[in-house]
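Structures incoming, each one as C-alpha cells.
The same chain A turns up in both complexes below, where it pairs with chain B and then with chain C.
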Partner chain A sequence: MTAPQTTDEIDAAVLEYLAAHDTGPAPERDDDLFRTGRVNSLFAIQLMGFLESTFAIELDVDDLDLKHFASIAAITEFVRRKQRAAEHA
Partner chain B sequence: MRHLLTPEENEHRLRTRKLVVERWASEAHEWERNPLLPEEVVRWCADQGLFGAPLPTSVGGGGWTAVEAGLLHHALGTVSASLASLVNVHCMMAAPLVRWGTPEQRARVLGPLARGERVAAVCMTESQGGSDLSGITTELSEKDGRLVLNGEKVFITFGSRADDLLVFAQRGGAPEAVLVRRENPGVRTEPMGDTLGLRPAGLARVVFTDCAVEPTALVGKPGFAVSVLVPTSLEPGRHAVAWMALGMLDACFAEVSEFVRSRRTFGQVLIEHGQVQSLVTRMGADLEAARHLCVQAARAIDAKDPAAAERVLLAKYFTTRVAQEHTAAAVQLLASRGVSERSVAARAYRDSKVLTIIEGTEQILERSLAPMLTAGALR
Partner chain C sequence: MTSPDPTEPGAPPDGTRTVGIVGTGGIGASVAVDLVVHGFRVVAVDTDPAALDATRALLADVARFLPAVRPGLTRVPAPQSRLVTSTTLAPLVDCEFVVENISEKWAAKRDLYRELDALLPAGVGIGVNTSSIPIGKLAAETGRPGVVVGIHFMNPSYLKDAVEVMRAETTSDACMDYVHGLLGALGKTGIVVGDFPGFVSNRISHQFFNEAARVVQDEGVEPAVVDEVFKKCFGHTMGPLETADLIGLDTVLLTLEHLYDSYQDPRYLGCDLLRRLVADGHLGRKTRQGFYPYPAVGPAATSATATAGGRP
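And now, the complex of A and B:
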C-alpha cells in the first residue's frame, strides 16, 4: 500500500480522521483546529500516531511544534515536507 | 495462553516463565517484609538482560516485540508485581527518550539503561497532582544563571533504588521533563513507609532542592511534557501493568484450581459444590477474556495500529479490574491458606488493588473509554 502523496489526498485523509473523532460539522481546510477545540493537547499524540502510520513518516523531537497541527492545511504541508525529506534521505 | 500465540511466541513464553519462576517463585514472599527488593534480584534482572529486553535494538536493547515484552511481564507478575514493576518503570522512563530524546541523550542515557548498568524510574506523582498532572508544582527555574529543580514527588516506584530519574515539572506554567541522576547532590529520597501493596517496590518520596540540571537534560520541547511525553511513557506502562495483572491472576487461578480439585468438605471435593463452581468459572472465564485483550493490545502495538492506545487502555482496565475481583475470590476459596503470606493469593490480593490505581486509575481510564466505546458503537 502506498501512502497518500498529493495535497488533495492528504487533506482528505486528515479530514476523514478528524471527522471520525468528532461529531461536529467538518472543519474547513484553514480552520484553526486548536481554537475550534478540534485538536487539544491530549489529542495531539493520537493525531501524531495517525500521521505517522497513514503517511509513512516518522516524527522526532524537532517536529514537536503546535503550528504543524494548527489546521488541515498546516498538517498537509507538514506531511508533504516530511515525505519529501524522507525521499531525499 | 498457548492457543493465542504463534509457536515461536509460545517458546518465548515457556522460556521466560521457566527463567523467572524457577529462580524466584519460592522466595518472593520473603521480599514483602522489606521496602525494597534485594539488590541480588536487581542484579539478576540486569545479568539476564531483562532491563534492556523490551527496548529497541537501535539503543542497545533486545528489540523484543510487545507480545514478547508482555509475556515477560506476565512471567514476572506470576512471581511478584513488585518484580514486574522494577522492569516496567525502567522501561517507562526509557520510552520517552527512545521516542523524543536527542541522539546525544539516547547515546548517553539509554546505553547504560539497556545494559542494565543503571536502573531508571519516572517521577510524575505529587501530593497534589497525580491523575491531573496540570496540578504539579515541582518547578524548573533559573537561579544564578543555572537551571534548578525544586519540589517533591511521592510514591515513586523504585525511587529508593533508581540511578536515573525522568522528572515531570513545570517552568513558568508550561510542563517540562528533565533527566536527573541520583548522584546529583540536590536529590534526596526517603521510603514512603508501609503500603497496602507493592511493598518491596522501593516506593519513595523524592525531594529536589536547588537541584542543578544542564540544558541538555531537558527532554522533548517545552510545553509538550504532559501532552506527548507522558502518554509515550504511560502506554508501555499500562501495557505492562495489564500483563503483570494477567500473570498474577493466572498464578492465583492455578493455586485455586489445585486446591478446589483436591480439598474435601462435607463428603465432596470442593469443586463439586455449586458455589465453588460459580467462583472458579467466573474467575476462569474472566481470565480467558483478559488474555485475549492483552494479546490484542500487544499485537496492535506491534502492528503500529493507531488503535493501539485504545486497545491498551481496554486491556489495562479490564485485566486489573478482574484481577482485583478474583484475587479476593481466590483468598476466599483458599480460606486459611489464602490468608497465609506464603500463598500467591494473599500477595496478589494486595497488589492487584494497587494495579487498579497506578498508570491511570480505573476512573481516569473510564474518562477515555466511555466516549471511545460509545462512539465505536455508533460507527
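And now, the complex of A and C:
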C-alpha cells in the first residue's frame, strides 16, 4: 500500500490538490470549502475522483454526501475511515 | 417528430431512448454524459478517437459522483454500456434526436448538416448546440427545417438547470414540444429566445469575457481579482475569466469573431491578450494554461482536467 495513510499525509495531499485548483491562499484545516467558494459542484466531482485514485478507496452510494468533503479535516477523516474499512474488509 | 410522445415530457427514460451526439469536445462530452446519467442511451460521434475516450473517462467519474451534488439523482446501472462511440456518423441512424456540437465554423457545420440530413430518418430532429451560428441558416441546408432547433447547453451540462432554446422561424411546434420534453427528462428548463447571433447568453457573456481580459491587459489587474468581483459582489458562481478558461479560449475567440461579423460592434473584437493566449496554445483548462494555470496533481487530476475542457 503506497497511498498516504496518516492524517498529516492525507491533509498534505488534499491541500496540494486544492492549491493546484485555486489561486487563493491555502485554506485552514477546518474552513468550509463550499461556503468559502473554494469548491463548487464541478470541482467536487473532480475531487472525489482524486480521492479514490490517490488514497486507494472506493466511494459507494452512501458516501455521496457533501458533508464528507466540506473541509480538509472532514475529507481526511473520511479517507481514513474508508481506508480502515478496506483493511478490515 | 414521431417518437417519443411529447405529451409525456417527464417520462423517465429507461435506456430505451437513444440520442445522438456529434462532436464530443468539452460541451458535447458533457451533454452525452448528462443524457446517460439520466437514463438515455447515447451514440457519440467524433472524428478524434481521443475525444471519445475522454467522453468515456468523464462519464466514469460523473456517473459515480454526480449524485453527491445533484440530490434526487441516483447512479445509473452500467453507464458505460449505455454509451456507444463512433468516428463515423452511420450509427446515428438509430437515434430519436441528434445534438450537434462541432466547432463553430460555418463550412464544417454546413457540410455536416447536409450529411446528417441524408442519413437520418425523416422527422428525426437536430439540436444545434451552438454559441452563435444562426439556426435558420443551418436549417435551410436540410430538407427538415421544421425539426432543426437551437439548444444552447451550458458547460458542464450535467450541472446546469436550464438551457437557451433558439427557435428559428422554421421550427415547428411539435419540435418545440419534443425539445421541452427532452429537457424535462434531463431535469432542465428550456428558456426560449429568438434566433439572433449569440442569442441572449453569448451576446452578453462574450463582452464580459473580452472586457475582463482587457482589464487584465490594460490595467494590470490579476485574473483572480476580476473573477472575485463577479463571484463575491455579483454572486456569480464563476467569474468571466475562469469561465472562458472552462469553455476554451479558442472557442471564445471564434464566437467573438462571429459576433463581430454579425453586429460590427468593436466590443466584440478579441483583445490582444486573448489572441496571444490562443496563438501560444494557452486555451484554458484543456491545455492546462489559460488565464490561470491548471497544474496536474496525481492521476485523477490528469483525467479530470483533460475531460473538463476538451475540444470545442
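Rule of thumb we're sticking to: the second predicted complex is superposed on the first by the 88 of 89 C-alpha atoms of A that agree within 3 Å, B and C clash if a C-alpha of one lies under 4 Å from a C-alpha of the other, contacts with A are read in each partner's own complex, and residues count from 1 in each chain.
FYI, contacts are C-beta pairs under 8 Å (C-beta built on N, C-alpha and C of every residue); 3 or more make two chains touch, one makes a residue touch a chain.
Quantities reported herein were computed from a predicted structural model and do not represent experimental measurements.
Engineer: Which chain makes contact with more of the residues of chain A, chain B or else chain C?
Structural biologist: Residues of chain A touched, chain B against chain C: more for C.
Engineer: Under the stated touch criterion, which partner chain does A:E16 make contact with: chain B (first), chain C (second), both, or neither?
Structural biologist: second
Engineer: Once the structures are superposed on A, label A:I45 by its partner contacts, choosing first (chain B), second (chain C), both or neither.
Structural biologist: The answer is both, since A:I45 touches chain B and chain C.
Engineer: Quick check on the output: what are the common chain A residues between the chain B footprint and the chain C footprint?
Structural biologist: Common interface on chain A, chain B vs chain C: 20-21, 41-42, 44-46, 48-50, 52-54, 61, 64-66.
Engineer: Would you mind writing out the residues of chain A in touch with chain C in their complex?
Structural biologist: 13, 16-17, 20-21, 23-24, 37, 40-42, 44-46, 48-54, 59, 61, 64-66, 69
Engineer: Contact residues on chain A for chain B in the complex?
Structural biologist: 20-21, 41-42, 44-46, 48-50, 52-54, 60-61, 64-66
Engineer: Please name which positions on chain C make contact with chain A in the complex.
Structural biologist: The touching residues are 61-62, 64-70, 74-75, 156, 159, 223-224, 231-232, 237-238, 292, 294-301, 303-305, 308.
Engineer: Hey, which residues of chain B end up touching chain A in the complex?
Structural biologist: 100-102, 220-221, 223-224, 226-228, 231-232, 304-306, 308-309, 375, 379
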